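Residue numbering begins at 1 within each chain, and the chains themselves are lettered A, B, C, D, E and F in the order written.
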Amino acid sequence: MTDQAPATLPRIDGRAPNRLRPVRLVPDYLRFAEGSVLVEWGNNRVICAATVENGVPGWLIGQGQGWVTAEYAMLPRSSKQRIMRDANRNKPNSRGIEIQRLIGRSIRSVVDLKAFGERTILIDCDVLEADGGTRTASITGAFVALALAIRKLREAGQIGKKPILTDYLAAVSVGIVEGRPVLDLDYLEDSQAETDMNVVMTGAGKYVEVQGTAEGAPFSAKELQALLALAGEGIGQLIAAQKEVVGELG
Amino acid sequence: MTDQAPATLPRIDGRAPNRLRPVRLVPDYLRFAEGSVLVEWGNNRVICAATVENGVPGWLIGQGQGWVTAEYAMLPRSSKQRIMRDANRNKPNSRGIEIQRLIGRSIRSVVDLKAFGERTILIDCDVLEADGGTRTASITGAFVALALAIRKLREAGQIGKKPILTDYLAAVSVGIVEGRPVLDLDYLEDSQAETDMNVVMTGAGKYVEVQGTAEGAPFSAKELQALLALAGEGIGQLIAAQKEVVGELG
Amino acid sequence: MTDQAPATLPRIDGRAPNRLRPVRLVPDYLRFAEGSVLVEWGNNRVICAATVENGVPGWLIGQGQGWVTAEYAMLPRSSKQRIMRDANRNKPNSRGIEIQRLIGRSIRSVVDLKAFGERTILIDCDVLEADGGTRTASITGAFVALALAIRKLREAGQIGKKPILTDYLAAVSVGIVEGRPVLDLDYLEDSQAETDMNVVMTGAGKYVEVQGTAEGAPFSAKELQALLALAGEGIGQLIAAQKEVVGELG
Amino acid sequence: MTDQAPATLPRIDGRAPNRLRPVRLVPDYLRFAEGSVLVEWGNNRVICAATVENGVPGWLIGQGQGWVTAEYAMLPRSSKQRIMRDANRNKPNSRGIEIQRLIGRSIRSVVDLKAFGERTILIDCDVLEADGGTRTASITGAFVALALAIRKLREAGQIGKKPILTDYLAAVSVGIVEGRPVLDLDYLEDSQAETDMNVVMTGAGKYVEVQGTAEGAPFSAKELQALLALAGEGIGQLIAAQKEVVGELG
Amino acid sequence: MTDQAPATLPRIDGRAPNRLRPVRLVPDYLRFAEGSVLVEWGNNRVICAATVENGVPGWLIGQGQGWVTAEYAMLPRSSKQRIMRDANRNKPNSRGIEIQRLIGRSIRSVVDLKAFGERTILIDCDVLEADGGTRTASITGAFVALALAIRKLREAGQIGKKPILTDYLAAVSVGIVEGRPVLDLDYLEDSQAETDMNVVMTGAGKYVEVQGTAEGAPFSAKELQALLALAGEGIGQLIAAQKEVVGELG
Amino acid sequence: MTDQAPATLPRIDGRAPNRLRPVRLVPDYLRFAEGSVLVEWGNNRVICAATVENGVPGWLIGQGQGWVTAEYAMLPRSSKQRIMRDANRNKPNSRGIEIQRLIGRSIRSVVDLKAFGERTILIDCDVLEADGGTRTASITGAFVALALAIRKLREAGQIGKKPILTDYLAAVSVGIVEGRPVLDLDYLEDSQAETDMNVVMTGAGKYVEVQGTAEGAPFSAKELQALLALAGEGIGQLIAAQKEVVGELG
């Protein structure tokens, strides 16, 4: 970030540096899932669906707690170049694995795993269309799908009244593009960014994940602070959108 | 099929035996694919997307012709019980493989492979939601995605004027449920059917695939004829719907 | 099928259009299998072997019924071009998977799965030499191997007297070659066929599977009828051959 | 081997300690393979088939020499307990891999790899029925299949007159059973053997492979010598049988 | 981090909160690698080895630049519980994949990929013994192995004089344990940490990666700053240790 | 071996034909393993580590005995050409599988499997650096790791006093290089050897494995005897070295 960066110059799509792309959350998008949402965020479209299953992974059996995990995949034509399906690759999809670990870990940070017995909640994030930021859209949507599933379970009397979710949770990307910190990078900005950072935060404004990567030049402490501030702004708006769909956390 | 079968009794969802569920084709559903369509058919939702790539599989190189193939997958929460992703299975998804072979073979029957050079057109059929009949919805939609992709290529001057598609193509299921031949089985009917048959036909009313299977009791020659007649009725309506979206075959 | 097709012209190997190639069934070909047969059908040689195991697949446990399934493979030098072993491929053998699903499904249609307890009968079909029609030879032989295994189990007092097999079962291919419907295509005819159809029928003359595919041009309703008629003729002869080896169904 | 071992007591099947089981070599067993043989050796039945392909593995390209390799597999019902197909295992078939490496290495020891250009000869050994000693039957048969393939290539004028095979080659097992060295163990003897040894030798009586394993107690130098002597006797008879089928090495 | 945290209380192993464990770098640990180092860091022992190969991955061919990548694995008995080898797992080792992507990305940030032609440098990080912090030890060692390999290439005249490394690079973990920010967590601390953060920095004190994760409770902005400060202290010492082994960057 | 072979000519590294390279055994090399040793043998460095786990493989359950098995792998830069990790190969590492089967089988020959209950001892052999003879180094070291693990278990009172090891066990390679039998081949000799033999023997001088392979020309009976004699010499020295580290077998 240089002092010369003309902070008022509009971005490629005309947004101000601290503006999110339009976000729309369509709840109950799938008939069968316990909870689901279609996230439309700029040109991204991601379906998040929560499945509640009895039982937990082997290493948790008998510990009287549940588990939450996630899977992430992109439809082949979600992007400009067709993407080979994971099932057809000869080697693991490293990027996808990293993303789904991030989603699962993030969501677990606001879940009281002891509050819903030996159940596993699996959240599928499937990208119909991608335009930069599918991992933050997935985390933000995964939280919604989970909250809707918990509400449904509770209304059906299948779980007790003990709160399961300890806070709201959303994620956003920030980065340094052409020397200037900006919020919520689209694909084009992302591919030009010198630094790219994903931030996951709670409704209370605390950090769950901070993942900053220098794609081009390393970044300074000052730039890091500017990025964190932008991320905080974006998270606030995202959590407001979640509240409209999810309501109060039960 | 017994004579006692009360042919006028409505089906579970009130349809007459020879009625299709409502079908809606949403063209250009994906931004990036050369051709794409969302097929909404009863409670099924399937995205079909055509990708045009240079080159052909190794065994076709140098023969001056193209290739058309298909892939088929279901999103994990497209059905009541969550389905494991193909990439996470220890063994191949036999049902999926059989379906995508059927889609590819069916589509190729109306394509002049020599008319578009050494290119491969790959049609992805991804099921967002399933309610019986996803393979026939996939074939019917795959044809539309292909036709739209060809039109786009032609408009961009990337292929010559020689016709590539020789006819329209659609598919429908028929079956014997509670002793009575019916058209277009939904999931519930399909799971009760004594016989299940998928029929792929051209706009000219010729057969491309006839796949009949006795799930319960073997079926008689008379029943077979009744099923084929019903299938013919359904295909006619499907091809009419395709024509509205695709227009004349160029 | 055009009217001009000289119906009396002999085929490549001199057969009449409605003639099977010679079929020979060698029972008890393997020492260890509960039931086995070597099928010699024209130049095809296929070993079918039935194995009876205690237990059923996970999804059937506790339902008080058995299961029948099949596996199919070709020896590497069963054909003119050596075939890579399935274990050495990087991707699943789609054709083989489709065939073994067909064999299993066909056989189950004449088995009372509730009549032999929580057992699994696995029928291995291994092709020593191939010349067109190995899937129909496999189905026809699989039935014999199964019937022999059941007889052995019954003679050993390991299963009760309740009939397990509800009918005989055989399969044959038919197709349209040079515009003329013919029975039981060999490899050369198969590779030239405009339409190829596999038909699985019971001793009572009912259909279990009808799988017709237009390899070249789509086929008409009239052609479909001619093919079904030819198939019926062939099946009758095959079931007569089975009866000589298997005798009465117990 | 203790001195008390009653050397004249017959073996389970009545053979003398230095007797082979009956061996029969059926040449040209498969229509398509360049060379093939059915080996019937006691109750073992193994098909060996040689395939000649142009080209060599990547690491040999451009070195002006050929390559010989082998594959080995057992049909599922070749043994008392059904064997899972390699393609269905979750992990590699270690025993099979070890055997096919042994076959390939053994055969190469009598082949002049520089005498037939950049070709690969692949020898498939498929066990129809097993009764102990399938690896030695495979080596012995692989040599025959190879010799027949070379003769066919030479008669067709596809290779020059330079000798390719430098000697005959056969293999036999020996072992210590109930304290007594015996030749050519069947399955029952093999499972009781204290020591098991496979010996591969040339027509000139030289060793190509000696693989002795103490299954129970370690073996002494004296026992080792007795086993080597028995193996030599057996190899002589096997090579005599090969000569009847193969004739002079060209 | 609570105000009550007794900042002067020693840690389990007696270290002050801002103290690294002892670090020792043993250069040229392997005979064959172009560059190698054994990193002994507390009870961690990691071998880092750089391999220089001609050629680049397919997607880089013809772009006139090189590539740097990394692989990471743990020996089975590097930890208290034996770890299954990656080759024996049924599914990919997600943690390992994430770590090796981090190593490769970090190292590339200080490499001028255009300065060494179409070569690939692969850095293997193999953990002999693990005690918390193997990923930061791997990054710190990978830089050393790379620098040694480059020096060797340069001394051998195989690359030009253009600088390849733009700065030093090291990594360290920080975290919040029992409410107090500490530097360089060992295994025991890591398993108790509320927050865990890995920081990768250059010799110039700029950030390359910042990966903070709330394992327990989310962390505040104030805690984040304290962690970043600690990390900076540790990195300085690590880079000093690197300079002793590597000397000036050529 | 020709009579002309100048038996007194030194080998490449100056050793006499019957000389081992220097062998050093560093016990307890790993903190966590129940027993471990670093084997330095010439330029080979191999870590052997024994892990004791409760339970046995499925086919042994309920038979009141234990199991011993081994795994073998090479670090990527253990050799001159980097070796791909097993986990990244598309096909099984046949050589590695063969070696680890040999290690496991050899070790079991001196273990009383009934003496330590339903436990599995898994011995990992990981090659840090290779220079010919890693399999014999692995066997020799695996025995030491096992003996150390058993002593530790016994000292901890976790197993009874019944002896578990019935004898010492070591392995060495011998071969014919330039016509002369030599002991303990290094990589260069191994790649030139006409015949290569690995011999595994007990402290009592009995054979456990004899694996001789003609890499070039077949070998005579006389050569075989010379190799066996050399192997015996080497084994004696190796077992002496083991005794210094392991002491008396408990």
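As a working rule, contacts are C-beta pairs under 8 Å (C-beta built on N, C-alpha and C of every residue); 3 or more make two chains touch, one makes a residue touch a chain.
This one's a predicted model, so the numbers in the text were calculated from it and none came from an experiment.
Of the chain pairs listed in E-F, C-D or D-F, the one whose interface repeats that of B-C (more than half of its contact pairs identical by residue number) is D-F.
One simple way to say how far apart two chains are is to compare their mean CA positions; for chain A and chain D this gives 60 Å. Between chain B and chain D the centroid-to-centroid distance comes to 52 Å (mean Cα coordinates, whole Å).
Shared interface positions of chain C, i.e. residues touching 2 or more other chains, are given as 88, 90.
All the chains close into one ring, and from chain A toward chain E their sequence is A, E, F, D, C, B. Taken in their complex, chain D has these residues touching chain F: 92, 94, 97-98, 101, 105, 109, 167, 197, 201-202, 204, 206-214, 217-221, 224, 228. The part of chain F that touches chain E in the complex is made up of residues 30-33, 36, 43, 47, 49, 51, 53, 71, 73, 75-80, 82, 85-89, 93, 122, 124, 126, 128-129.
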